[in-house]
Amino acid sequence: MATRPLISDHDASPEVLAIFDDIRKTRGTDYINNFWRGLAHDPVELKSVWNDLKRIMGPGSLDPLTKEMIYIAVSVANSCEYCAHSHTAAATAKGMTPEQHNELLATIAMAAKTNHLATALQIPVDELFKV
Amino acid sequence: MATRPLISDHDASPEVLAIFDDIRKTRGTDYINNFWRGLAHDPVELKSVWNDLKRIMGPGSLDPLTKEMIYIAVSVANSCEYCAHSHTAAATAKGMTPEQHNELLATIAMAAKTNHLATALQIPVDELFKV
Amino acid sequence: MATRPLISDHDASPEVLAIFDDIRKTRGTDYINNFWRGLAHDPVELKSVWNDLKRIMGPGSLDPLTKEMIYIAVSVANSCEYCAHSHTAAATAKGMTPEQHNELLATIAMAAKTNHLATALQIPVDELFKV
Amino acid sequence: MATRPLISDHDASPEVLAIFDDIRKTRGTDYINNFWRGLAHDPVELKSVWNDLKRIMGPGSLDPLTKEMIYIAVSVANSCEYCAHSHTAAATAKGMTPEQHNELLATIAMAAKTNHLATALQIPVDELFKV
Amino acid sequence: MATRPLISDHDASPEVLAIFDDIRKTRGTDYINNFWRGLAHDPVELKSVWNDLKRIMGPGSLDPLTKEMIYIAVSVANSCEYCAHSHTAAATAKGMTPEQHNELLATIAMAAKTNHLATALQIPVDELFKV
Amino acid sequence: MATRPLISDHDASPEVLAIFDDIRKTRGTDYINNFWRGLAHDPVELKSVWNDLKRIMGPGSLDPLTKEMIYIAVSVANSCEYCAHSHTAAATAKGMTPEQHNELLATIAMAAKTNHLATALQIPVDELFKV
C-alpha cells in the first residue's frame, strides 16, 4: 500500500495523461507501472523524471542493458524493494541472460563486501588514484 | 590514516607475500594498493577476498569494464570514499571513456533519485514484475 | 510479522502501561501504534525513546510539521518502510498539504541525486564552506 | 582530490560558461562551488541538475530554508560529506539560527535511532497508516 | 516474491544438491532456507558464499552468538528485511536472551543516532584515534 | 573541519562543563573527544546523548567490548568515518585483540555481501523465521 493513492487513467489530468501516453509510445506497451501512477500527483516532477529517464536510459556510449544493470546495482545498495523488482524485470526484458544476472549479483555482492572492509579500515586513498 | 597500520612488504608474512605476488602478476604492476595492505593483517580473509575478486571481475558473460562500472555504482551508493577512487581509477585503466563516465554518473544519479521517490511513496510492486 | 511479538495492553507491565497512557494523553488518541508495542519488551528504552521523541518533536524554533518532514527525509534515505508510512501519516495529520508533500518528495529526490554525484566525483569541500 | 579534474572558467566550453553565468546571476555571487565544476564534464547533465535545483529549491509551498534543512537530512543519512558541508553553509546563509540547527540535528538523530529500531524489529505497518 | 524463482530440491543440479547436503549436515536440520534456494541459480557463488559463511560464523576468537549479533547490526543498518529476520532467528537459536536482544537493539539505535550526528557535524577525527 | 566550531573548555557554559566533567570522571581521562565538543552547542541534546551512551554501553547482559564491536558494525554500514575511527579506538582500549578485530571485519563484510544478495533477489522471509 503506497503512502498516497496511485492515480488511475480515469483520475489523471490531461497533463498527466499526455505523459502516460508518451510512456506508452516509448515503451510499446499499454501498461503504466505503479511508480508513474504514484508520482502523478506532481505533474511537473512526473514530467521531469520521465524526460530524464528517457534521455539517460536510452542508447548512448553505454548500451541500455548495461545501464539497467548499473541501475539495479544502485537500487540494491539503496535497499529499494520496488526498484530491485522493476529494474530486474526491465533488464530481463532487455535481454539479460541468467549468466549475466549471476555475474551482476556476484559483482554487487563483491563490491558491498569490499566497501564495508575499506570503510571499517578507513583505508587512505592511494596517491596513484588521485587525478 | 587507517584504523590499523598498512602492512609493508617488509612486515608481510610469507603467506601474505605470496598473495601480494599473485596480485602483482595478475595486474602486471609492482604496485600493491592500500586496500590489500590494510587487509593483510588477516591472511585468510586477504586470500579469500583476492581470489573472489580475481574470479568475479575477470572476463565472463559481462566484460570487465561493465563490471567495474557496476562496482563503482555500488560503492557510491554505499558512500565508500576509497572504493569510489580506486574503482574509478580501475575503470579508467580498463578504457572507460569520458562519455561512458558521464553516462555512468547520470545513471547512478537517476537511480538514486527514483530509489528515494519509490521508497518515500512506498510504491507497491506491480504484479507484472513478480516472477 | 515482527522479529518479536508486539505487546498488547493485556500483556504489558505496569511500567509499560504508564508510558502507553502518556502516549495516549499526549496524542489525544487511544491508539498505540505498532512501533511502541514492539519496543515495549525493553521498558527502559521505550521510556527513553518516547521521552526524547516528545521533547524533540514538540514545538520549538522549528514547527512540528517541518520536523515531521525532516523525519520523513531521513527515514526515506535510511530505507525504513515502517517509518516512511508512519511519519507520512503523522505529517498529514499535522496538516501537510498535497503541494507541500510534492515539494518534500522533490527535495528528497534532488538531494539523493546530488548526494550520489558528489560522492561519485569525490568533490573536495570548498574552503568557503568550512567554519 | 576529486575523481576527475574540476573545470575552471578558463577550460569551460561556452555551453558550460552559460550555465555558470546563470548560477552566478541566480545566487548573486561570482563564486561557483566545486560541485558544479566537477559536473561540468557533462554539460547536458550539468544543465539538467542546475535547472531542477533552481526550480525545486526556490520558493513554493515550503520556504527555501525548510527545503535546505530537508536537503541536509537526506545528505546526512546518505553519508555525503560534501553535501553536509555545502547545504549546512547554504542553510546558514538562508538564516538558519543556532537553535534551528540544534533542532534539525536532534530530529535527524531521533529519526535515525527509530529507523534502526523499526527495521531491527521489522514492525508491521499499522492498518491506520495505509491510505 | 523473489526476483527469480527459488530452486527446489527437485530442480537443483547435483552440484547444488551437494551444497544443500552440506548445509543440512552442518546445521543439523533438513530445512534449507530461501536465501540458499535463491542463490542456487549460480552454483559457484552459492558454494563460495556458503563456504565463507561456514568459516567466518563458526567458533573462533569471537563466539558464534556475538558474531550473529554483529551480523544483525550490519543487516539493520543496510535495511535488509530478509537478513533482519533470518539472523534474529539464528541468534535466538544460538541462545540470545531477551535481555541480550534488548541491549543489542539499544546499541544499534545508539550507534545510528551518533553516526548521524557525527556525519551532520562532520566532526574531524581526533589525532588520538589515529594509529 | 566541522560544520560548526568545536566548543573548548574556555567557551563552554557551566551546564556543558558539568557534562564534560562527568565524561572525564566516567572515562578516567582528561581528554574530551571532538564529538562531544561539536555536540556542545546543544546542552540538552549533549546531556541526553551522553546519559544514554553511559547507560547503554556500560556492563549488562552483553559485555562492553561486544557492544563496542556492534557499534563499529553499525557505524561501518552507515559509512560514518568519525565513528569507525573512534569506536575502533574504544574497542582496542577495551581489549579487542587483533584476532577479534579480524573476525569482526570478516563478519561485517560477510553480512554486507549477503545483505546485498538478499536485497537483489528480494528473497521472501521464510515462515520459519516469523515469530
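Assorted remarks:
Letters are used for the chains, namely A, B, C, D, E and F, taken in the order the chains are written, and counting of residues starts over at 1 for each.
By our rule, a residue touches a chain if its C-beta (ideal position, glycine included) is under 8 Å from a C-beta of that chain, and two chains touch if they have at least 3 such contacts.
A quick note: this is a predicted structure, and the numbers were derived from the prediction, not measured.
Shared contact partners of chain B and chain C comprise A, D, E, F. In terms of C-beta pairs in contact, the better-connected of the chain pairs A-C and A-F is A-F. Rotation angle relating chain B to chain F: 120°, from a CA superposition, given to the nearest 5.
With respect to chain C, maximal separation of chain centres occurs for B (centres as means of Cα atoms).
With centres defined by CA atoms alone, the chain at the far end from chain E is D. Chain A and chain D, compared by their mean Cα positions, are separated by 21 Å.
Once the centre of each chain is set as its mean CA position, chain A and chain E turn out to be 26 Å apart.
Multi-chain contact residues, meaning those touching two or more other chains, occur in chain B at positions 1-4, 49, 52, 74, 76-81, 84-85, 88-89, 102, 104-106, 108-117, 119-122, 125, 130. Residue ranges on chain F touching chain E, taken from their complex, read 1-4, 6, 31, 33-35, 38-39, 49, 52-53, 56-57, 60-62, 66-67, 69-71, 73-83, 85-89, 97, 99-100, 102-104, 106-108, 110-126, 128-130.
Residues 1-5, 44, 48, 52, 55, 125, 130-131 of chain F touch chain C in their complex. Remark: chain F residues 3-4, 41-42, 45, 49, 74, 78-81 touch chain D in the complex.
Those residues of chain F that touch chain B in the shared complex are 79, 81, 84-85, 88-89, 98, 101-102, 105-106, 109, 116.
Across the complex, chain C meets chain B through its residues 72, 76-77, 79, 81, 84-85, 88, 104-105, 108-117, 119-122.
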